[in-house]
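In the two complexes that follow, subunit A is the common piece, with subunit B as its partner first and subunit C second.
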Partner chain A sequence: MSKKILRNEAFQSLFASLICIVLGVLIGYIVLLFINPSGAGEAIMEVLKNFLHYSKANLQLKNFGNTLVKTAPLLMCALSVLFAYKVGLFNIGAAGQYCVGICASIYCAIGLGLGWLPCMIIAAICGALYGAIVGLLKSYCNVNEVISGIMLNWIALYTTNMILSTVKESTSPYTFHLNTHGVDAMLPGLGMDKIFAGNTYVTIALPLAVLTAVLIYVLLEKTKFGFELKATGFNKNAAKYCGMAEKRNIIVTLMISGGIAALGASFMYLTDYEQWMCTSSAVPGMGFNGIAAAFLGGLNPIGTIFSSYFIQHITNGGAYVDKTMYCSQISDLISSLIIYLCGFVFFIKFAMNKYLDKQEEKEALKAKGAESEKGGDK
Partner chain B sequence: MLLLVQYTLVFASVLILVALGGCFAEHSGVINLGLEGVMVIGALGGALMMRYAPDGIGTFPLIMLVLIASVVFGTVYSSLLGVACINFKANQTIVGTALNMLGTAAATVIVKAINTATNPNDVSSTIQYVDEKKAFIVNIGSFEFNWFMLIALIALVIAYVTLYKTKFGLRLMACGEHPQAADSVGINVYKMRWAGVLISGVYGGLGGICYILSGVSEWKFENGVAGFGFLALAVMIFGQWKPSRIAMAALIFGFFRALSNTYFGFDFLVSLDITGSVYNMMPYIICLIVLAFTSKKSRAPKAEGIPYDKGQR
Partner chain C sequence: MENQYAIEMLHITKKFPGIIANDDVTIQLKKGEIHALLGENGAGKSTLMSVLFGLYQAEEGIIKKDGKEVKINNPNDANDLGIGMVHQHFKLVECFTVLDNIIMGVEPNKFGFLQKKEAREKVLALSEKYGLHVDPDAYIEDITVGMQQRTEILKMLYRENEVLIFDEPTAVLTPQEIEELMQIMKNLAAEGKSILFISHKLNEIKAVADRCSVLRKGKYIGTVDTKDATIEELSAMMVGHDVSLHVQKDESKPGEVILDIENMTVASKMHNNNAVKNVSLKVRRGEVVCIAGIDGNGQTEFVHGLTGLEPLVSGKVTLCGQDITKMPIRKKLTSGMSHIPEDRHKHGLVLDYSLEDNCVLQRYYEPEFTDKFGFLRRDNIRKYSEKLIEQYDVRSGQGPITIARSMSGGNQQKAIVAREIDKNPELLIAVQPTRGLDVGAIEYIHKQIVAQRDAGKGVLIVSLELEEVMDVSDRILVMFEGEIVGELDPKTTTEEELGLYMAGAKRDEVKA
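Moving on to the complex of A and B:
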C-alpha cells in the first residue's frame, strides 16, 4: 500500500517540491549565518512567520489579507507561465505582459475613467495581444520565445513609464491614487474586508484568481482544445501530422497566457494597494516569481494555488527581518534558489522510482527464492 | 560624435565578450540562458576587488586583479549551470532563468550586507569605484580609450583560433552537433560540455565587469545588468554562432545602445523631440526585428539544449 503512494505521480511532485523548499530555506539560513551569525535564526523565522510576526489577532488578519492581495496576481502570473509551459513554451515574457496589464488598467481607470469591469477586460485584451507578438514571432519566424519575451519585457517597461507619466502626480513619480482619481475602477470587495479586519484591499480578485486556476485545470485536462494544445507541446510535428493547426495553437496559447498575466496585473492595481512608479528601471518581479510558483506547484494548476501563496508568504515575510543586519531581498534569494532546485525535480523523481524498482526487484527475488526452496522440499 | 563612437565600442565590447561566452556553451551543446546572472556575479567580483584592492597598487596590477576576480566569480557561478544541466540533466531553460534571478538576488544581498556592516545607516546596494575606474581608461585627445576594447578584441581572436584551429575547439563543436558520434570516437562529451560552460563563465564574468565600467562610476546591484545577457544571446543568434559575425552584430547593437546614452548630443535628434524612453527601447526593438529576419535560417548547433544521455541511441 505505502509503495503505491510512493509511486503516485502527485505524491512524488509534492515530495520533490517539499525537498526544494526545505533545501532553499536551509541555504537561505546558511547565507544569513555568513552575514551575521547572531540573528540568523531569528531572521529566517521572521521570513517564515510573515504576518504571525504580530501578536494581535487583528493585525495578523490584516497582514494576512495583505499577503493574499499580492497572492492573487502572483497566482495569475504562475498560471500564465504554467499554461504556456504545458504547451512546450517558456513564457518568460509574463513579466512584460503583466506590465502591459498594469499600464492598461491604470490608464483606463484614471485616464479614461472607466469602471472596473471594462478596465479588467481591456487589460486582458492588451496582454493577450502582447503575448500574440511572441507567438507570431515563434511560429512564423522561429524566434526563441525566451529571448523575444525578454526583449518585449523591456519594451513594455519603457512604454508603461511613458504612458503612465500622463496620469501621475506632479510632485512624485507615482501615479494617482485610485480612491481619489478613479473610484469607479476600484474592484468591489463584496464584504470580504470584514473577514480580514477591515482590510479594504482584499477584493473579488482572490476568488477570481482561484477560479481561473480551476478553469485552466479543466481546460487542460478535460477538453479537446486542451488536449490539442498539450499534444502540440509534446511534439509539434506529430501534432501537425495529425491535422492540428500547430502554428495557431502556439499563438493562441501565448495569447491566453498573456491575457492571464495582464488580468493578474489588474487584480493588483485596481485595488489601489500599489501605484506605479513612472521612473521604474526594471519590470516588476511578479512575472519572474510566477515562474518559481509554477514550478514549485509541480506544474499543476491546483498545486500552483498553494505554491503561489507560499512564495508570496516568504516574499512578504522578508520585510520583517532585522534591517540593521539583513535586507528583505533574502526572500528573493530563497525563491530563486527554489527555482534552481526545481531543475532537479526530474532527477529526484527518477531517483525515487529507481529506488522503488530496486526494492521491488529485491522482493521479487526473495519471493522467487522462497518459492524455489519450497520447491526443493517437495 | 566621438562620444557616440566611444560608447558604441564600449557596449560592443560587452556584447562581444558575453556573446562569445554563449557561443562556447552552445557549441558544446548547452544553452546558457543564465549569462545575465553570470554577468552580475562577475561584475560583483570585480567591483568587490576594486573596493578592497590596496591603494596605490599601480594601474596594471589593479587591472589584472579585477579581471581575475571577475573571471573567477563568473566561472564558479557558471559551474552551477554545469552541475544541474550536464550531470543531473536538468531543464536548461529553468536553470538558466533561476541563475539570472539568483545572480541579482545574491549580489544584492551580499552588497547590502557589506554596506550595512560598514555603516548601519547605509542600506543601498551600490558600490562606488570612482578612482579605480580611472585605471581602465586612457585619454587619447578627447576620446576615452577603455582597456576592455582591447580585451574584447583579444578575446575575439582567441575564440576564433580556439574554435576553428585547435583540436579542442573542433571536438567541442562536435559535441554540440552530434554528441553520440563524438562519444563513439572517444571524446568525453561530459568533459567537453563542462569546458564549454566554464569558458562561457569566463567570458560572461569579463563582460559583466566591462558593462559596469562602461559609463558610470558606481553600480547599484539591485538593477542587475538590464537584459544585456539576453541582448548578447540575440547578438550570438544574429551572428549565426560564428565569432567574426558576432563581432559585426555586436557593433550594430552597440551602436543603438550607445544612441540612448548620447542622443542629446545631436541637434537633429533633439529637434525630433522624442522622449528618452523611445531611445531606451531602441536596442530591444531593433533586436526583435533583426531576430525575426534571421532566425528562420538559423545555424544553431543541432544538439543544443538536449541533455546528453549515454544510453540513448
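Moving on to the complex of A and C:
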C-alpha cells in the first residue's frame, strides 16, 4: 500500500521538492561554515526564520507582509514560465516581459497619471505584445525562443531605463514614488493592511496572483484550449496533423505567458514597495527566479503558489544574516544556492523511481527464492 | 556433450502493471541458426527481447549464454556478452554520419583523439564481407530507412556481436529491401552468427528461419522447424484460431468521383527537385484505390500535399465537389477527409497523452466533447474512448488512461485506425495502415477498409506491401519518382508486373 503512495505522481513531486529544499539548506550551511564557522548555524537559521527574526508580533506580521508583497510577482513569473513550459516552450524571456511590465505600469502611473486598473491592463498588454515577438520569431522564422528571449531581455532593460528616465527624481536614479506622483495608480489594499500590522504594501496583488494560478490550472487541465496547447507542446507534428493551428498556439502561448509576467510586474511596482533604478544594468532576477519556482512547484500551478512563497521567504530571510560576520553578498549567495538546488526536482524524482524499481526487483527475487524453496520441499 | 545453444532463456516471467507480458517463456537459440520469434502484437515478443537485451529485468527465469547462467542488468552487459539488437525504431543520431553512428560508444582513439581511419577500414571490410552496402560518410537523415537498418546491423557487427536480435526488421522496408535483408541474414548465419528474428510475417519466417518459436498473449506455445510447418499452421499457432489470409470482398461498384486531384506538384524537402510531379488521379465512391511504389518515390509528399501538411507548388484538389486546395487542415478534415498517417509517432499520436485523449484528437472540439464554455466533457470522452477500445479491440495496460507511449505499436495503430474510421469520413486516406501489425489485426483493418468502401466511401491507400496492394485494392496506381507510371487491375496483374512498374522498368501514359 505504502508503495502506491510512493509511486503517486503528486506525492513524488512534493517529496522531491522537499528533498531539494533540505539539500539546498544543507549546502548553504556548509558554505557558511567555510566562510565563518562560528556564525553559520545562526545565519542559516536567520535565512529560514525570515520575519520570525523579530520577537514582536506586529513586526513579524509586517515583515511577513513584505515577503508576501514580493511573492505575488514571483508567483506570476513562475506561472508565466510554467504556462509556456506546458506548451513545450522555455520562456526565459519572462524576465524581459516582466521588465516591460515595470516600464508600462510605472510610466502609465506617473507619466500618464492613469488609475491602477488601466495601468495593470496596459502592462499586461505590453507584456503580451513583447511575448508575441518571441512567438512570431519562433513560429515563422524558427528562431529558438531561448535565444530571442535572452536578447529581448536586454532590449527590454535598456528601453525601460530610457523611458522611465522621464519620470525619475532629479537627484537620484530612482523613479518617483507613487504615493506622491501617482496616487491613483496605487493598488487598493481592501483593508488587508490592517491584518498585516499596517503594512500598506499588502494589496489585492497576492489574491489576484493566486487566482491567476487557479485560472491557469483550470485552463490547462479542463478546457479545450488547454488540450490543444498541451498537445502542441508534446507533439507539434501531431497537433498540425489533426488541424490545430500550431503556429497560432505558439504565439498565443507566449502572449499569455508574457502578459502574466508583465502583470506580475504591475503587482509589485503599483504598490510603491520599490522604485525602478534607471541605471540598472541587469534585468530583475524575478523572471529567472520564476523558472526555479515553477520547477520547485513540480510544474503544477497550485504547487507553484507554495514554491514561490518559499523562494521569496528565503530570499527575504537572507537579509537578516549577520553582516558583521559575513560580507553583504552572503544573503543572495545562500538564497540562490537554495534556489539552484530547487531545479533538481526532476532529478530527485528520477532517482526515486529508480530506487523503487530496484526494491521491487529485490522483492520479486525474494519471492522467487521462497517459491523455489517450497518447490524443493516437494 | 558440447553445448549447442548460444542463448537459452528459461522460464522467463515478466509482469507489468495490469499485464503479464511474459508468462513462463522458454526459447533456445542454437549456434548459427536463424530462430524466428512469432506472435501477435502484444504477445510479448519485444518484452522478451528487452529482457535478453537488459532493458528489463525478468521477475522469474534464467538466461544462459553458451550454457552458463548470466545476469544481464543493462544493455552494456548484453553488449559485453556479444548480444546486439536492431530495434524496431532505430537508435541512430540523425545528424551524424553512418560511420559516426557505427563507432559511437566504442570510438577507437589514441590519447583521446579519434582514429576514424581504422574504423572506416573495418566498417568497409565488414560491409564488403556481408554485402551491406552503405556509404559511411552519408548522414543518417539523408539515407533511406533500408540503409539506416544496414547501419544498425553494421553497428552490431562492428562490436563483434555473436547473437543478433532483429526486432521486426522488415516492417519498414520495401519488398526489394526485404529480399536483400533476408540474404544478409542468411550470410550472417552462414558465418556462424546466431540470429533471433522477431516477426509476424509468416512468409518471411518461412523463407529465412530454421526454427520458429511462437508466443501468444505472453504464453509460450511451442517451437517448430519451419520447413515442416505450413503457413496456415504457423498462423493458427499464433492467433489460436484459423484466419483467412485473403480479404473477402465483393466486386466494387464505383460511383461518382469523390476525390479529384489535378496536376498536383509538391516540393521536396530533401532536394531541389519536386517530390511529386504533376500527379492527377480520381477516387470514386465505393472503390479502393491503392498507390503502390517503393518507399521514397514521393508517396509521403503526395499524402502530405493532399492532407495539407505540406503546401502544394501547384495543382487543384477537389473533395466531394468542393475545392479544398487551399483549405486549412482542420477544414479539410471536417469536409469529409480522414487520414491514417504514415508515421504514427510523429503525426498520429500525442504519445504523452492518454489513450482516451488520443481517441478524441480529431474530435475534441465537437459539442459532444467540449461544452459551450470551452470546457472538456471528460465523461463523454471516457465513454467514447471505451466504446472505441472495445469495438476495435485496442489492448493496453490500464484502458482509457493508459499513456499512449506505453502501448505496443500495433495497438497504437489500432487506436488511430479506430479514431479515423469512426469519424465516418467520405474519403479515407490510409498510409501503410497495417505497418507493423500482426495477421489478426491486419485482417481486421482490411475488413474495416472494405466495409468503408461498401458503405459508399472512397478509400485511398498508400502501401509498400505488395500483398496488401494486391489484396485490398480495386485499382492500383504505381508511383515512381513522383509520377504515376501505371494503372493496373489487381485481378489481372501479377506481383511481377507490379514490381516492374515500381522499379521504373515499365511505364504507361496514365490518364486517370
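Annotations
Note that in this section the second predicted complex is superposed on the first by the 330 of 378 C-alpha atoms of A that agree within 3 Å, B and C clash if a C-alpha of one lies under 4 Å from a C-alpha of the other, contacts with A are read in each partner's own complex, and residues count from 1 in each chain.
Please note the rule applied: a residue touches a chain if its C-beta (ideal position, glycine included) is under 8 Å from a C-beta of that chain, and two chains touch if they have at least 3 such contacts.
A quick note: this is a predicted structure, and the numbers were derived from the prediction, not measured.
Touch criterion not met for A:I302: it reaches neither subunit B nor subunit C. In the superposition on chain A, contact of A:A231 is made with subunit C only, not with subunit B.
Contacts of A:I27 after superposition: neither subunit B nor subunit C is touched. By the touch criterion stated above, A:A319 is placed in contact with neither subunit B nor subunit C. Residue contacts after overlaying the shared chain place A:I19 against neither subunit B nor subunit C. In the overlay built on the shared chain, the residue A:L208 is in contact with neither subunit B nor subunit C.
Of the two partner chains placed by the overlay, neither subunit B nor subunit C lies in contact with A:L61. Between subunit B and subunit C, B contacts the larger number of subunit A residues.
Comparing the two complexes, no residue of subunit A contacts subunit B in one case and subunit C in the other. Residues 33, 80, 84-85, 88-91, 93-95, 97-99, 101-102, 104-106, 108-109, 112-113, 116-117, 120, 123, 125, 222-224, 226-227, 230-231, 233-234, 237, 275, 277-278, 280-281, 284-285, 287-288, 291-293, 295-296, 298 of subunit B touch subunit A in their complex.
For subunit A in complex with subunit C, the residues that touch the partner chain are 222-225, 227-228, 230-231, 234-235, 237-245, 361, 364, 367-368.
On subunit C, the positions that touch subunit A within their shared complex are 57, 59-60, 307, 309, 328-334, 339, 341, 346-353, 357, 361-362, 364-365, 369-370, 374-376. By the touch rule above, subunit A contacts subunit B in their complex via residues 31, 35-36, 90, 92, 137, 141-144, 146-148, 150-155, 158-159, 161-162, 281-282, 288, 291-292, 295, 323-327, 329-330, 332-333, 335-337, 339-340, 342-344, 346-347.
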